[in-house]
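Here subunit A shows up in two complexes: once beside subunit B, once beside subunit C.
Here is the complex of A and B:
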């Protein structure tokens, strides 16, 4: 159900995104300061809806990529390009190293996980024994 | 040295990638065996969800931004924030003859300490019921071995007959006796070497019962030698509501396996009132809107989709059947409650047990007026139909007239005769627990009653007489019963043999 502020919220979210369409913390901050200065009687409601929308957008933009070992920049860029080519919305990539994967990768996009790692293969193997 | 690195490099290049895609979420809230999970946007209804430490859940509530899962097994190891993953599988349980003689929980794990069950097949717990095309009308008897039932509310293979009554009116006993009788018939049939003999395999689902009661039932089945044809699925009262909710569907999948493989099976759900309560508990925790008696709106579907899975299949679909005996407990004889009316409307008839009769010692306490079988008489063997055709009406008339029996001296002769007859039939129908009577003996006893052999015996002695006659018919007078067993009919010469057997017995009885 669209609320009475929906067009305002859309504009505010747009103000919070950088030139790549990614939410930027400092821009969000600017919007928050602005809202506070105006201090409208509906401040609370607007704030709540704005933050909900920002959280949702952040969730859909974030791509968490974990590698089992240190990975070169070129591999990262390749991966970025490949994923961006299949998903049309702006994406914010976070690369980390997770030693517990041992080797391989794990990519989390909203609630989908794409994974091929030694750890996942081992756990699959151990499951095939127990079930 | 370099050749080794080359080799390794080559091997690594040739490594197949085996990326898996899973849909994940995290637990937001956790309470009473139910987890609310964030994410899991691609989950299917009833899909198995995997939690850490091998805990499984089932997705029951698919909401816009969260999923409600009921958890199976030990939930104490889970906490908020834990990851949940979809598995792409629906919950399945082991099926097949390997489960005979075993006691299992709601997901088919052994509970009897008799070791692992090496079933080679499994079936999903929730399945679509057979449609109209493969079904056939019910026309083969399923003998309960209880005279009051087999004569007045006969049950056929593939039928769904409700057993309903207040607490402690002998509901479980009717179901267990029926199972014991199947085992007896199975053994007799297997011993006869008849290639066309069709045994009935049994599944008994105990939902929300006290452990002591389940143990007593197991003991009864073991003592009567029936256990080798039975699988018990138990989700006792102490179990979490998710398991109680699942148990009937799991048992049904086990029963369906026989039906789909061209065999006959019987399933008892003891009882669906407690099942509905477990479902209500889950629904309230899931914050589903509740309706009448605080049950969720889809409580009808809860039982209709379960009972629809019982059927009799056509010959070209394997000729199998699954007969269901669901049990419902009423409160003070009130059949108009929400759950009782629902289940009455789904089943093909009901055996109504009356507390008053039970307390008067008329056991099994089958109410003549309120018990019906909508399809069963088509499934009665010819011989029995011939002698029992009128008995329900006679007994109903008797119950009506019994109110006036205090004015006995003023009554006309026909009314008096009707009262006398009724009182004797009531005595004939009294039967102890775990004591099923074969259909040929039932037919013979009923024949003796209809041919006035009990008229000269005082009402108080009729039951003793019937037991004595039964013994005679099972030993010296066996010939007539054997003929009924093999032909299913009561032909001229059979009737003669029966008459002389009953006359012989009558001379010895005092």
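Here is the complex of A and C:
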């Protein structure tokens, strides 16, 4: 159910995104400072809804990618391109290294996890033994 | 006439031989008749009546005895029949009870056999489940050890280039729609 501030919140979220459509921390801070200066009687409610929307947007924008080892920029770029081509919204990629994967990747996208690593293949092998 | 005279002579002879005194004889005859009449009238008649009554009683008694004998025989016959029927009924009851007892024993044996079979089946099933569980746990344990060992070996033995090559290949094969 849309709230009475929904259009304002949408505008504020838009103000918090950069040219790539990604939520920018500094821009969010600017919006928060602006809200504080206005000192509206509805300040608390607007702030709460704004932060909820920002959290939700961040959750849908964030793509956590783990590699089993140090990976070249080209591989990262290729992976970014493949994901961006499939997902039509702006995405914020966060790359990290997870040695437990040994090699390969694990992608966390909202509630989905896509993994192709040596560890996952060994786990599948283990499951095939037990099933 | 001669014959009549002869008979008279004979009678005269007899009277003289036995010393019969005719008036005395007649008086005694009259006395006898009077006594006989009195006896017949007052004693003999009652005696006859009593005898007849006794005879009738005896006849009745005999008749009753016969009746009783017949009734007794009938009763004995009925008793025999009743006893026979009772005996047959008792035999039937005993036979039925024996049959029921046999059937009950058979049913109990069958139940016991079924229960034993069920227990054996359950025990076998439990053993199979236990064996499967042990095998499953062993498989899981072995698989876990294999994976752990392989992970350690691969972590050490794979070079950085090989790892990067694997990641690159995996990235190329990435398909989010699958």
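Operating definition for what follows: the second predicted complex is superposed on the first by the 127 of 131 C-alpha atoms of A that agree within 3 Å, B and C clash if a C-alpha of one lies under 4 Å from a C-alpha of the other, contacts with A are read in each partner's own complex, and residues count from 1 in each chain.
In this section, contacts are C-beta pairs under 8 Å (C-beta built on N, C-alpha and C of every residue); 3 or more make two chains touch, one makes a residue touch a chain.
As the structure is a prediction and not an experimental result, all values here were calculated from the model.
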Partners on subunit A (subunit B, subunit C) - clash or fit:
clash
Have a look at where A:94 lands relative to subunit B and subunit C in the superposition and call it first, second, both or neither.
neither
For A:71, using the defined touch cut-off, is the partner it touches subunit B, subunit C, both, or neither? Pick first, second, both or neither.
second
Per residue count on subunit A, the busier partner among subunit B and subunit C is C
With the two structures laid over each other on chain A, which partner does A:108 touch: subunit B (first), subunit C (second), both, or neither?
first
So in the superposed three-chain picture, is A:116 touching just subunit B, just subunit C, both, or none of them (first/second/both/neither)?
both
I'd like to know which partner A:14 touches here: subunit B for first, subunit C for second, both or neither.
neither
Please indicate which partner A:43 is in contact with in the superposed arrangement: first for subunit B, second for subunit C, both, or neither.
neither
Between 4-12, 58-66, 112-120 or 400-408, work out which stretch of subunit B sticks into subunit C after superposition.
112-120
State which residues of subunit A lie in both footprints, the one left by subunit B and the one left by subunit C.
114, 116, 130
Which part of subunit A faces subunit B closely enough to touch in the complex?
108, 110-116, 120-121, 130
Note: in the complex, subunit C contacts subunit A through residues 136, 139-140, 142-144, 146-147, 150-151, 154-155, 158, 160, 162-164, 166-168, 170-174, 176-177
Name, in rising order, each residue of subunit A that touches subunit C in their complex.
67-72, 75, 78-79, 82-83, 86-87, 99, 102-105, 109, 114, 116-119, 122-123, 125-127, 129-130
In the complex, the residues of subunit B that touch subunit A are 17-25, 39-42, 54, 85
